[in-house]
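As written, the chain order gives the labels A, B and C, with residue 1 at the start of each chain.
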Amino acid sequence: MSAFLTYLLNGLAVGCAIALIASGLVVIHRVTGVVNFAQGTFAVVAGLCVSSLLGLGIPHGVSELAAVTVAAFAGLLAGVAAIGRRGTTPLSSLIVTLGVGVLAYAVEIVLWGDQPRSAPGLAGSVTLAGARVQTQHLLVIGVTAATFVLLALFFGRTYLGKALTACASNPYAARVVGIDVRRMGLLAFALGGLLGGLAGVLVTPLRPISFDTDVTLIVNGFAAAVFGALTRPVVTLAGALLLGVAETMAAGYGYGSHQLEVALGLMIVVMIVQASRRSTLSQEVT
Amino acid sequence: MIGRIAVAVVAVVTLALPALLDDSALAVYILLGLAAMVTVGVSLLMGYAGQVSLGQGAFYGIGAYTAALLALGGVPPLAGLVAAPVVAAVSALVIGTPLLRLRGHHLAFATLAVQLILLSVAGQLEFTGGDIGLQGIPQFGVGSWEAGGAAAYAYLTWGGLALVMLVTRNVITSRPGRALRALATSETAAASSGIPVGRYKLVVFALSAAFAGLAGGIYCFYTGYVAPGSFPVLISIQYIVMAVVGGLGTIWGAVVGAAAITLLVQGLDGLATLPGMPSYAPTVLSYAVYALVLIGMVLFMPQGLVPALTRRRRRLNTRA
Amino acid sequence: MIDVQDLVVSYGTATALEHVTLTVAEGEMVALLGPNGAGKSTLAGALAGLLEPASGTVRVRGRLALIPEGRQLFPDLSVADNLALGGWRSGRRDPALVYDLLPRLAELAGRKAGVLSGGEQQMVAFGRAMMSEPDALVVDELSLGLAPNVTADLAAHLAELNRSRGLTVLLIEQNARLAFDLCDRAYVLESGRLVTEGPCAELAGDPRVASAYLGGAIS
């Protein structure tokens, strides 16, 4: 039972990291219609940054903050490439973000080499109801929960957040009232970079990160976002937690080598179910 | 007329090259041909079915493993080489039937997922040799003749490429091919004009998989081993770069794109391995080239090299 | 003041507006009539700066707001949020001023814009445009799809704003009766060109205009 609880909490922590990446995907997709393949890259950049900064003796807090800022800036740059040019279709933008991800490989290898790097996180562990849990796992869960609350407040309560929602809701109308939709798209990319970066600094102490970790991260994040049809943050969060727990349980009970297949298979099934539901709907309409 | 002469010149040069190149240059020549073979399929899929596959490397891998397993099991290499595209195409039909309900970025991620799953499975199964893969694959041969050197594989590769191009040309110029053209621009319009959209997309998907499978089959005989590491996700991205560079939906564009990227990466490789360069230079440069070329082409020359050049030539002709 | 000189707008190779010259003086209320596809909404888009002209100029004194065809609200956002976003240019965040003008909107404030009736949506679109504190207002198809009493209500508000605050109004309409009731002067746009213009009283008497837009002469 205590093993189960440990796996559950570990799984939730993994799911939280996925949720942060996925929420970045959702924010960018809602505002710009683009699926950002470089979303995992932001986490990698932040993770590598934080490992270097801590290695230089810069204190915790400052290092993480700086790393997340770098990731947000990387997000902005990815946005400039993906949507900066007028008339780029969403699918072209996806291919551009693919290119951004590969370009990041080159930069990352020059700066950090191709070996996995880690970073110290919160040391120690606590015992909850007889289950031992690493403190870092609890930190991941706590920070993610706080982030989602802040995101909800930002989009639901602030003027800027509502303007972003407006761009997602009706881009033409947004232009009518004078909102610069492209600039809002860039803001969404920067926010996506920030969220990815947050995932990166939280995860790096748990599992080492290297330049090509982005593929696993983006695929998991996309799988979670697919649950919410790439637009609904709460369903995305639920999907991410489900994925994280399922993968961790599979690993914990000895099916660890198949956790990626499980996650990916699940993602494909969810997408196909959604697609066939959509096509029945559109058939009813016509 | 000019087109015919050009094709003849290209054919002669293609046939003459293996005799003139040394082994390391031949290796580039062979890999170029194999990449072009896969890229023709990717270009067909993207240009005619309007779909992005981020998992074309999976079918390359399926072809390679198929031919390798059969050859190691004592089946004549020719049968193995024929089986490679067939198995790849059948896999594409099986995978594609549910998968092609998806479009756009959904399909892109689904195909990527398929490749990751296959790589992971191949890395774990015993009969595929796990992460180490399969080694000691016999040389290709027909009857008593055996492919001795790289030149033989070069002819095999470019013969295969010619076949792939011929098949693609016939598909494009056929009546269903013209209907496919409509598919790329608007699926809804194509569907409303009575084109069986789903079936056509599946056929193109299977065809592109067969091309990749054939390339994979030749690859395994040429290198003598296959492993999951031979088919990374990046290889699938590389085919997209080549297809985009050459121009989507053009046969020659795929070949030009594959040649341009392969030669560019090779050239930079030469530069990167000069004394004094850091050990990571070749990898970094090739990543940077893929990335910058891909981004630059999509943003500034989305129609690709070959259509852009033909248009310019046509414009010059009308002016003269 | 709205001043359009020799405006040409094209979509790719197709020309949507050909050499359109039109002025609405400060505090004036002018109608633009025309059938579907004449280029009315293209002109509205060009006036609002949403479309880049191929040639010619568009000058507006002060701030211009557009009530676009089909309302174009943010369906997922509340009425209050729709109004607040209308103040993006002016910096006004509090819709109180609009609630004074259109008290019904205060009652609807918490509802999502997407679930409202057509008349209520048009009222939100009207209020949203007023949030930008415009000097000039372009209304694209005020009456389209609305019940006559709803249209009359909105038209009365428009006339009142024009009279009391000197709001410059360009009323783009297919409903010529409504346009002639509200405005003194009108332009007629067909296939991207202005075909005629003049005082509404004269235009109403013009047999071509009367037969095309009024279904016969006004009695």
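One rule holds in what follows: contacts are C-beta pairs under 8 Å (C-beta built on N, C-alpha and C of every residue); 3 or more make two chains touch, one makes a residue touch a chain.
The shown structure was predicted, so the numbers you read here are calculated from the model rather than taken from an experiment.
Among the inter-chain contacts, the highest number of C-beta pairs connects A-B.
When every chain is reduced to the mean of its C-alpha atoms, the one closest to the centre of the whole protein set is A. Chain centres here are means of the Cα atoms, and by that rule the chain farthest away from chain A is C. Centroid to centroid, with C-alpha atoms defining each point, chain A and chain C lie 43 Å apart. Chain A and chain B have Cα centroids lying 32 Å from one another. One inter-chain figure worth recording: chain B and chain C are separated by 55 Å, centre to centre, where each centre is the mean of the chain's CA atoms. Chain A has no residue in contact with two or more other chains. Considering their complex, residues 35, 81, 85, 88, 90-92, 94-96, 98-103, 105-106, 109-110, 113-114, 215, 219, 222, 226, 257-258, 260-261, 264-265, 267-268, 271-272, 275-276, 279 of chain A touch chain B. Interface residues of chain C, counted against chain A in their complex, comprise 48, 50, 66, 68, 72-77, 81, 84-86, 88-89, 93, 128, 132.
If you check the complex, the residues on chain A that touch chain C are 159, 162-163, 165-166, 168-170, 172-179. By the touch criterion given at the top, residues 52, 54, 98-99, 101-106, 108-110, 112-114, 116-117, 120-121, 124, 233-234, 237, 240, 244, 280, 283-285, 287-288, 290-292, 294-295, 298-299, 302 of chain B touch chain A in their complex.
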